[in-house]
């Protein structure tokens, strides 16, 4: 059991680190978001499961709820941020044709000064 | 199959698909991020929605977004199209088809 | 560790003070908020804490043993909330100032002291 | 009434009143009634506490929550706290009466009553508490309530003044907070007696030196002492009259009280870790007196003029503290009592002058001697008292400070006080002459409200009473100094 | 120190590196969206810290914090997204 | 004696009310009161002859050194007689003089005069120096009110203020002197001070004491360079001038000098200064008296000259000088008051001011003319009037004293001028220049002529039969001043003496002056150097300069630039800490080095990096986010150092700050162009870093000191046992230190009131702007998230006593729930969802928190003593702390929402 817990924790942490590297390396905000929210979620979840396996002091309920809340909030937050990113006119890399053009108002200049 | 049972089945299937997608796509992201010559081909694609209930549409968008590599950018005001940002794809049609078969179908079973 | 925390707390305070000295009222406001944060680190050190245990009595125990100083945590908690209230209150004021002066530059927001030049007044004119 | 109840009332009553006023805020009349009733009860309760605390039979301290001494927050029924509480109540009562004419339904609905009561409760809390962190909390409460009162009309000058005030006060609050926490970190206690004990037993170290400097700076700012006074003349004058009167009476004195408590009570002025700061006190006091009396002389706007006088007076108190003698501390306490009443009264008077002549500017006021002789008489009391003319309270206050300077071997400080006194006479007599004596140069000539005159009569009467029987107050002030010094 | 605690201490260093990376993005931007994406990343890292601290101390109280953190930071993200959308129309 | 003083005070307040009822005769009736006092004093004469009597030393303010000890000796007695006697005449005269004034004004005048009379009596009777000071200042204030009695006139007000400011300056000097004497001797007794004069002079304060006393006396008695207020003070109604500014008040300076003669004589420069000043004053006043155009102003300058003579006499040593001083004091009071009465009558009758415009008034004012002649002869020192005797003594005193010839010469000249002035003011208005005045507005009345006649005749009778006055008043007075009995013999005829010769010279010169008055007068007037040299202008110029300096200084300090204000505070703080550290002369100790835990160290460094980034950020949003990063990192730091409650609270606060500040940033420009140049930024950074370094030193030293807290140990032990809570921090917050929390709760409540007052938008009750368009996913799920957050907040509240959480953070989380609603559906919807006004929530919460401590009071325990109820079984234990925490929760929730809704509404406008 301990080995499983340790493995899950290492994997989770690794995913978190990868996600963080993605946030640094990926070229535009929308791409970084994929890395941050999804890989981050998975990493957190794995880490928490590992902790729960290791710890039998009654943290299970809280741990699972913790995972649930992460799963609930991060994607919704990501969607909102994604749209806001688009709308606020941030430059996006590699998007050739934009089907949203005409569907959503987009700032011509980025909001960032 | 009775409606409740169908829903339960749909729920289980969705969870399974979702977990698999989460792990698989996270690994994809990891691969992309860690590759020395990091190359992505991001796209914004339009996914037509066959669902009608707002909750169902929201769930669809949620699943699309929860899967690494894709995020729902916008739901059209008439709720017929989903605009999805995809981190790395070469084939729009295949991606759309995957969304519809993986998620939309089972969400329809679950909620419609 | 203690020295590091002290340095970091003091450093945050220094940065905050630097921001407070700006003429942009929102920067000043952010600086004051940051000041409270930096101060809290310094406060934390007043507890001489080296334990990572929470100040919560474990199930079954009747007293806290080997825990950190709970008193200083209670004080910091109070300080955090008060700092928050003050920050937000200042935000409200800045927003009102912006509404009336259309500027957040402290040089433009000076109506309180803008009483015109003191009237020249002859002491013999009574 | 049990002693424990008596001790909590000066704080609990205003807070309960504030809560009720908040509930009733939409009904201006009911809010007014709440304010007045609470203030009247507060006055009675404060007097009762004062009488009980000074009747010879010692009144035990109360620790809230029923915890042993030192393990909870306590209120001590000792001087000078119990002396200041009734003074606060009298000023509050007078301003509440004055407010009947000055504070209309709009301001009431904006929370005037709740804010004032909260502030008074905070001031009383600061005067009574035995706990340094608790002191900090009361300062914050008083600050926020003051900001609320300052901006009650939402005028842009008020907003600006409030920003200036708030920026300074938040800086001060942080310094104070760190200072208090350091006292805790050094001594392991926040209770003034134990902290004083701990400081008395240990040599000065760097932490104590820094903590003392932080507390000094923070409370110097709160007291409006030079050079940290700049916020006060930048903000006080924007407040409505009644509010400015409460501020002038209470807020800076609250700050100065904290200086007394910390530098006499905790550190012990002549040593215990803060001795190296004491020489600065005299410089601060002298600079405050001179800079602020100059500020007053430069003004013709009554509110700004009085705002400067408010600080100049704190300079006298600081002079008392600077002497680091028991007599000096007693002088400071005496001066506080005098100043709280007189400053509030002056602002009330200024408000009535404005009401009658339509201007805050002294070059446009006048004629009140003829139109409102009673007012001219009532107003002369605080004017002469501030100017230090006998037999009003200010004469004794000033005399005691100068005498203490001589006895304390700092005659130069007494000389500065004397010189400031001269300029105060010039300023105040011109003020009275401009307001009451000279002909009115304005078209507006409104009658003065009775409530305003009643309020002033209350305060002027107190000033005269102190002036005619100063020995009684002096005895209390001496006992206060003894109590404070006994802490360390 | 048990083996798991040693592991946790090591993992916390990796988490710290992730934190530094996310913080770097937060400080550098360049767009506002980037900074908030970094906040989401930070949320995940903070929950991770809560988890390893639980192991390090053997006290589950720290997990409570992670629980609330997800919800709390969601509100910040939402507020910021709404801000960006509303802000676009104004200079 | 005390009774007399008290009676006088009460009478001053009550007796003038007669004037409200009685019209013309009021003066005569009221005058009975001072006359009665006069009689009372006269009846005490036998006692005074035997020595002096001490009044009752009432316990007044003994701790302050002030007691109500009075002392009536010969010198005081003389003053008392003058004050009450002349006071009675003044009131009689005023009754006739003030016929034009309304009853209110006359009442006011009589009140002021009687109050002044009381103050005078008090001053001369006071044995305690502080008591003397009290009355001394009272005379200044009353003089101020009387000079400015006609407040409509700007000249009056100006003169009054000038008089007050000069005499109050003197008063302060007297205060200084008294306090220094008290410091040196340990007592405020005047008698002791005089007895121990040499001790005073020998003390380090000796010179200062003498200087202060001299200045006080010179201001009051209008000596150079403070003489200028007196002629200006003639703006007072003439009866007041007669009383205050010639007969009584201005002599208080002389009184003081005479009392303290032993003191100032003990310092080497004492007598010289007094005599020098006296001579300067006499000369200057003499010239000005000749230049004076008006009746009253000529009298005023002659008064100044007379005061100079008195000062000179005090300054001279030897018993004769004292005799001369006492005699001249009496004589001058009588004849000068009479002359003022005459001047007043002329003014009253003609309304004319200038001496040159008058003439031939003897036809209209015959009795006044008679009185004027009598008084003038006395002033001129013509035998057999009393003035002659006093002048003889003057010359004798000078000849006998050890002084050189200069003062004598000056005295001769001045006395000649006095003769001249006396002649001019008698001859010109009354007897010369017939036809200049054809008619008068008012004729003579008994009230107007009786007082001057009485005084003029008294001057004559006293000199003809000086025995009574010498015995009753003069001899005791001289004895009191000189310190031992002196044989005083007043005689009109001494035989041919040097003094008589000098008198002859004086009268002769005086006659010449009378003859050539007009040319001399015009010639002197042409020389305007006297105007430019007038100290009056110097005084006003210095006032002006002072106000100019004040204004410049204030402009320099209070410049209005908030940045520089705050820089003063920050730099001042650094300076204070540096001073304190350097003054204590200690170096910070270093704590034991512990192994660095890498992860927490990195996290904390990220916090610092965030702060640095915030300080350097060029956009406000960037600054907000990076400052938030610091908060976030610090929260994780708390988490990793055993402070879960702090972490939770810090996280919640950071999130809320983002929510609230984004609302603010919606409205204001995000770009934050530099507002300071590079040099300013460098300086700011240096100062800020300085504060940081000093703080660091203090904190490090504190941690090196180690320490433990008895209170913390107690809480750790007792939290569960006595307060039923596992979470010690929460137990401290709600129980051990619940009183702090109560205050903090009020802080938050007040913030809410402030927000409501400032932000309540006008259209808050009507339709609001449409809800923002948000992402579909958010719009669909926000409600669910809100419920989730709300549920979480309740859990946090409920478990707070045992687990991380509690009312504060619960309230914060609950407010986040409604923040979500507001973000997704608009503020109006969120407000509806809340159902109650946030402020009502705040009020209820406050009521709960406050009330939770009340039940304990009923059981006799201190406030906020929490009561617990353990029902047993599966039911949880219940305590009043829960009510308290619930109150906190509600206040926080309501307050944050009030702030949030207000900000969002205002920002969206």
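Order of writing sets the labels: A, B, C, D, E and F. Residues in every chain begin at 1.
Please note the rule applied: a residue touches a chain if its C-beta (ideal position, glycine included) is under 8 Å from a C-beta of that chain, and two chains touch if they have at least 3 such contacts.
Treat the numbers as computed from the prediction; the structure is a model and nothing was measured.
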Applying the touch definition from the top, give me the chains sitting in contact with each of chain B and chain F. A
Could you tell me which chain lies farthest from chain A when each chain's centre is the average position of its Cα atoms? F
So which one's got more C-beta contacts, A-F or A-E? A-E
Most distant chain from chain D by Cα centroid: B
Nearest to the mean of all protein Cα atoms is the Cα centre of chain D
Chain A to chain B: how many Å between their CA centres? 15
Can you compute the centre-to-centre distance for chain E and chain F, using the mean CA position of each chain? Integer Å is fine. 61
From the C-alpha centre of chain C to that of chain E, how far is it in Å? 24
Inter-centroid spacing, chain C versus chain B (mean Cα positions, whole Å): 45
Going by residue number, chain B touches two or more other chains at 61-62, 65, 72, 74
Junction residues of chain F, two or more chains touched: 154, 157, 161, 543, 547, 551, 554, 558, 560, 562, 566, 570, 597, 600, 621, 640, 642, 644, 665, 669-670, 695, 699, 702-703, 707-709, 711-712, 715, 718, 737, 740, 744, 747, 751, 754, 758, 774-775, 777-778, 781, 785, 788, 803-804
Where in chain D do residues touch two or more of the other chains? 133, 137, 140, 144, 147, 151, 154, 159, 163-164, 167, 171, 178, 182, 184-185, 233-234, 298-299, 426, 430, 433, 437-438
Let me know each pair of chains that touch one another. A-B, A-E, A-F, B-F, C-D, C-E, C-F, D-F, E-F
Can you list the chain F residues touching chain B in their complex? 775-777, 780-781
Residues of chain E that touch chain A when the two form their complex: 3-4, 7-8, 11, 14-15, 17-19, 21-22, 24-25, 29-34, 36-38, 40-41, 43-45, 47-48, 51-52, 54-55, 58-60, 63-64, 66-67, 70-71, 73-74, 77-78, 80-85, 87-89
Chain B to chain F touching residues, read off their complex: 54-55, 57-58, 61-62, 65, 72, 74-75, 79
Which bits of chain D are touching chain C when the two form their complex? 133, 137, 140, 143-144, 147, 151, 154, 156-164, 166-167, 170-171, 173-174, 177-178, 181-182, 184-185, 233-235, 237-238, 298-301, 304, 361-363, 426, 430, 433-434, 437-438
Touching chain A in the complex, chain B uses residues 22-23, 25-26, 29-30, 32-34, 38, 40-46, 61-62, 65-74, 76, 83, 85, 87
